[in-house]
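To keep things simple, chains are lettered A, B, C, D and E as they appear, and every chain counts its residues starting from 1.
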Amino acid sequence: MNHIEKSFAKTRVLNDISMHVEEGEFVALLGPSGSGKSTLFNLIGGMTSPDEGTILLNDNIIHGQKGLIGYMPQQPSLFPWRTVIENVVLVQELSGKPNYEEAKEWLKKVGLQDFQNAYPMELSGGMKQRVAFIRALLSKQNLLCLDEPFSALDEFTRIEMQKWLLSVWEDNRKSILFVTHSIEEALFLADRIYILTKRPATIKEEIIVPFARPREESLLNANEFFQLKQKLFNLLRDEIKVGE
Amino acid sequence: MNHIEKSFAKTRVLNDISMHVEEGEFVALLGPSGSGKSTLFNLIGGMTSPDEGTILLNDNIIHGQKGLIGYMPQQPSLFPWRTVIENVVLVQELSGKPNYEEAKEWLKKVGLQDFQNAYPMELSGGMKQRVAFIRALLSKQNLLCLDEPFSALDEFTRIEMQKWLLSVWEDNRKSILFVTHSIEEALFLADRIYILTKRPATIKEEIIVPFARPREESLLNANEFFQLKQKLFNLLRDEIKVGE
Amino acid sequence: MKWVREKGGAIFLLLFILCSWELLVKVNEVPGWLLPAPIAVFSEAIKVIPSFSTDIFSTIQLALLGLTIGSLVGFIIAVLLHMMPFVQKMVYPLLILSQNIPIIVLAPLLIIWFGFGLMPKLIIIGLVCFFPIVVAALDGFKNTASELKYYMEMAGASKSQLFWKLELPHSLPSLFSGLKISATYSVMGAVISEWLGAKQGIGVFMTLSQSSFRTDRVFVAIFTIMLLSILIFGLLRMVERIVIKGKMER
Amino acid sequence: MKWVREKGGAIFLLLFILCSWELLVKVNEVPGWLLPAPIAVFSEAIKVIPSFSTDIFSTIQLALLGLTIGSLVGFIIAVLLHMMPFVQKMVYPLLILSQNIPIIVLAPLLIIWFGFGLMPKLIIIGLVCFFPIVVAALDGFKNTASELKYYMEMAGASKSQLFWKLELPHSLPSLFSGLKISATYSVMGAVISEWLGAKQGIGVFMTLSQSSFRTDRVFVAIFTIMLLSILIFGLLRMVERIVIKGKMER
Amino acid sequence: SKENSDELTKVTVVLDWTPNTNHTGLYVAKEQGFFEKQGLDVDIIQPGETGADQLVASGKAEFGISTQESITQARVQEVPLVSIAAIIQHNTSGFASPVDKNIKSPKDFEGKTYGGWGSPIEKAILSSLMKIENADSNKLDIINAGDADFFTMVKKDVDFAWIYYAWTGVEAELRGEKINMLYLTDYSEKLDNYTPVLATNEKLIKSNPDTVKAFVKAASQGYEFAINDSEKAADILLKAEPVLDEELVRKSQKWLASRYQDDAKQWGEQKVEVWEEYANWMTEQEVLEGKFDAKKAFTNEFLPQ
């Protein structure tokens, strides 16, 4: 579905990166802080154009074309003058009629039913993140790009959200590309994991996650899971250490 | 050093909470998203006053008194028109002469030496968080309140930062109260851990961390560590499950 | 009660100023034709009110109509210029120029083109009122929080969606700030516009009084102008509160 | 080169307007005393420039001085009102009132108090210029990003630190927006102030020309006023760019 | 009058200043139905800051109040204004100053400050008066005092100003302020120009002479009424413009009654010598830059026989 190769200037951030996401695939992106993951999303989202290389969506070059992906930014970026529910339906408003019923239902699933008429400033950090997450899910695009969607959640809310995301994804099979700093999260959710090096980022490794779907929470304690986690752990550790 | 008891109105958030931080102690706060941890910090910081109960610092009531603690907010809150280094020395400026040398050194330690003259918008999410962290450390207060300081960092940068924070703390023995969602992080860093319930938050459990200091990275793989982690894990899981 | 608390201070200060003024005039025996005392002005006001009220009414109409037209035009111009940055570069300097055409030069031309009717007066008031709104609106549109703009663009918002859903609501405080400046000028603008050939209005009343050396009546006119401006300003503040109500962060 | 690209459009549009004007006047045989053609105005301008330049210079001085004083006063008032919300409630309505004192009424009083010197003129220009700055500055101070304000308060910033380190830099764009409005009015304000007693200046030149039916010279005066306003506006834009330079987000 | 109003010709007359006793005849003619009898429906309008001349010249208004010096300058700039009646036969204006300034002749202008409204004529007249008395006109300061009125001006910096006695002079009497008045006519025959005058534009004279004739006739009746019954005329003006100060209007009206027509054969009459001499004087003073044809500038042909 995507076949990307690009390199990017000034303080050279991305250096000859090629990756792809198949239709209905769930791909995770791991890499050191400041390596260029959010930059990559900006490229796919069309906010900047690559200096070299091409980005393809369904075999069409999409440099600088916006609105083709569902996107959840790293900072929640909620509109302060809109209530939670109004924020959630924002993306729908852009392309048609907002569906308040659906929005309400989904808000309920992430435990925010009582807050649908609150303003963002009344929410805690984790609650804002959940709102931004729902907003991204509700966009009708086939490729979702999520930038650290669960970083501000406690471990349990996080696991709940992960399980729920998986079930949603298994139902509708959108393609998902997501950034995380949690190796466990990447392993639990993804079909495939790309590991980036430090800036300038190249792809250090591509790992195919072998676990069968649907995945249960118990997987987190399985032995294969632990071993793969150790492997990734070491890969990343090497990457960070090299730079010191 | 602190002896707190308060309850807070509207959608009753904090319900009869008592906790304290001894001088030079490192205390962690764990709790579900939206339970009231940031609200607690606001109370200590003097931004709001408790409806009931008192907050004491060195036996003085400090309701509504600001500027007594070093604080790192959940959102980085950097000044967009100041460079990284200017942001870092901001708190020092408030109480005297800024020390640029010290600031540079500390920035180097968190791997941002090349970015000291960059503006916040040129930074990645994790880099912003590190800047906000340094800014809090450089305030000369004896009580540091850190709100999810490492949530946007990859696991290794995070461990580096944790180790470094521990070494800094072991040198100067400030009191630290910090919020995290990572049980491992809490166990690795803290002397004592408070676990909060869901909203309205009460204290579910106070746990004393038995590990000796200085702590090494290897602790993360020790057996006792794993067991304590499991215990906390279950405590928190119960808390979340109860609410469903 | 709340009203008293909020406005009490201003009214108190105003009374204080009026009293000092009265005293100063009395103590220094300032002649009435130079600077009449407030009490004399008020008693004169009560005397002339019956005949003066048609003047007032006509000026209010003029001011409100002019302000409305001026604001709308200003807003539309701002939106157009914002949507077309290239045109903005071209037209913005001309807008500044438009603020520097002295009315005394414009007046005969306007009358020659449009006669003595409503039109030339509305043009003058509009010319006074539209500019602060254009400047404020453009600055408001431009200074939209960048991360929200970023998000909207990522989400594929069209230029017009970006405008309606982000830039417009975000610039509301700025817009109202411009609107308040315009409102302040609107009554004065109406009075000035009356100087270019009107049969009634506060402006007519004022020049008549001025030329027959009735300084007390001139001050009646001024106090009326001030009162009207404050009223229009207050009205806008109310609208502002209703519109921006609950949009908490702003 | 960059300059040409940026300003080229505006200049082109201006030329276009001037040409259409010239054509309209020529085709409709509009008499020169009613609306002179641009070419006639320019040739007259070249003729009078030698004697006119002292007038221009005197008006520029007046405008710049008045703008400086007005802006400073406006800024200081805004800061004071911002620091003392209670006083703001009291004084703000009075500021609106100050914008509604017609010059023709103020003029005699100012002359009585200060004579025909520099002082009353500066007061008039200052009165015109300070208001947009007060409104813009106050709105700027008020609309500071709340999370930054929150942080500063948490960090124990005093009111004055909050102001200097956060509210002032944050309100710079808004301040400049007010300053630009004021600058636009300053030249016109200077010309108006000259109508209340001056020996030289663009205003004097203009009334002289007006009363002897030299409409072409009146337009020379207008074009000069416009040119000066644009220059002052441009100057401020430059200062704005230098001051806000690199403060990327804004 | 309403039912046959569509047969009336609508015309507009623009004043030169705010309504005052110079305009009484027009208000009387309107109120007494003189205009209506002539088939006219007259609208009296106050001027903008610019005065009436341009509006009348361009045909936006049919008639206006002007002055000889304006029309003279206007004609030279090819502005098609024509004077059709002199409202006051002799120039009643002059230089006024508070007595304590001790200005008794143009010689005393030396070292003083004059406050004017910004016309090139002012300087010319002042220096020519001073020349007659061998005074040095360079020692006179001229300030453009714009909107300020006489009484305000002379409180500060300014020593004397140019006023119409009928209005400002009478006001000074009413206030009990002693002033010295130097009439222009006391110093030069040439300066006895017509001010104010009724004016119209050339086009209207050509296309609609009947309207002009009708207007002048009614106006003339109005002014004759004011000459004969100044009390009643003052009442009429005050009724039309109640904002005016009553005492001032009455006293001014009385002062003017004998001066509208004065020594002329009939009200409104103008002499060609007055126009020519004044223009010559202006040319001498280098105020006029062009040729002036007196015959085109005024006409007596519309005055009633």
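In this text, a residue touches a chain if its C-beta (ideal position, glycine included) is under 8 Å from a C-beta of that chain, and two chains touch if they have at least 3 such contacts.
Quick caveat, the model's predicted, so the values are computed rather than measured.
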Partner chains that subunit D and subunit E have in common: C
Most distant chain from subunit A by Cα centroid: E
Highest-count interface - the chain pair sharing the most C-beta contacts: C-D
Label of the chain whose CA centroid is most distant from the centroid of subunit B: E
Mean-CA-position distance for subunit E and subunit B (Å): 86
Rounded Å distance between subunit A and subunit E, as computed from the means of their C-alpha atoms: 85
Inter-chain centre distance, subunit B versus subunit D - centres from mean C-alpha coordinates, in Å: 51
Where subunit D touches two or more other chains, by residue: 34, 104, 108, 112, 146, 210, 249-250
Multi-chain contact sites of subunit A, meaning residues that touch two or more partners: 75, 121
Multi-chain contact sites of subunit E, meaning residues that touch two or more partners: 50, 54, 58, 149, 152, 155
Interchain pairs in contact, sorted by label: A-B, A-C, B-D, C-D, C-E, D-E
Contact footprint of subunit A on subunit C as seen in their complex: 147-148, 150-151, 153-158, 161, 165-166, 169-170, 246-250
In the complex, subunit A residues that touch subunit C: 42, 45-47, 66-69, 71, 73, 75, 77, 79-81, 90-91, 93-95, 119-122, 139
Subunit B residues within the subunit A interface of the complex: 11, 30-39, 74-75, 111, 114, 123-127, 130, 147-148, 151-158, 160, 181-183, 233, 236-237, 239-240, 243
Touch list for subunit C against partner subunit E, complex: 33-34, 48, 51, 103-104, 107-108, 111-112, 115-116, 195-199, 204-205, 207-214, 217
Contacting residues of subunit C [partner subunit D, same complex]: 6-7, 9-10, 12-14, 17, 34-35, 86-87, 89-94, 96-97, 99-102, 104-105, 108-109, 112, 131-132, 135-136, 139, 143, 146, 173-174, 177, 180-181, 184-185, 187-188, 191, 206, 210, 218-219, 222, 225-226, 229-230, 233, 249-250
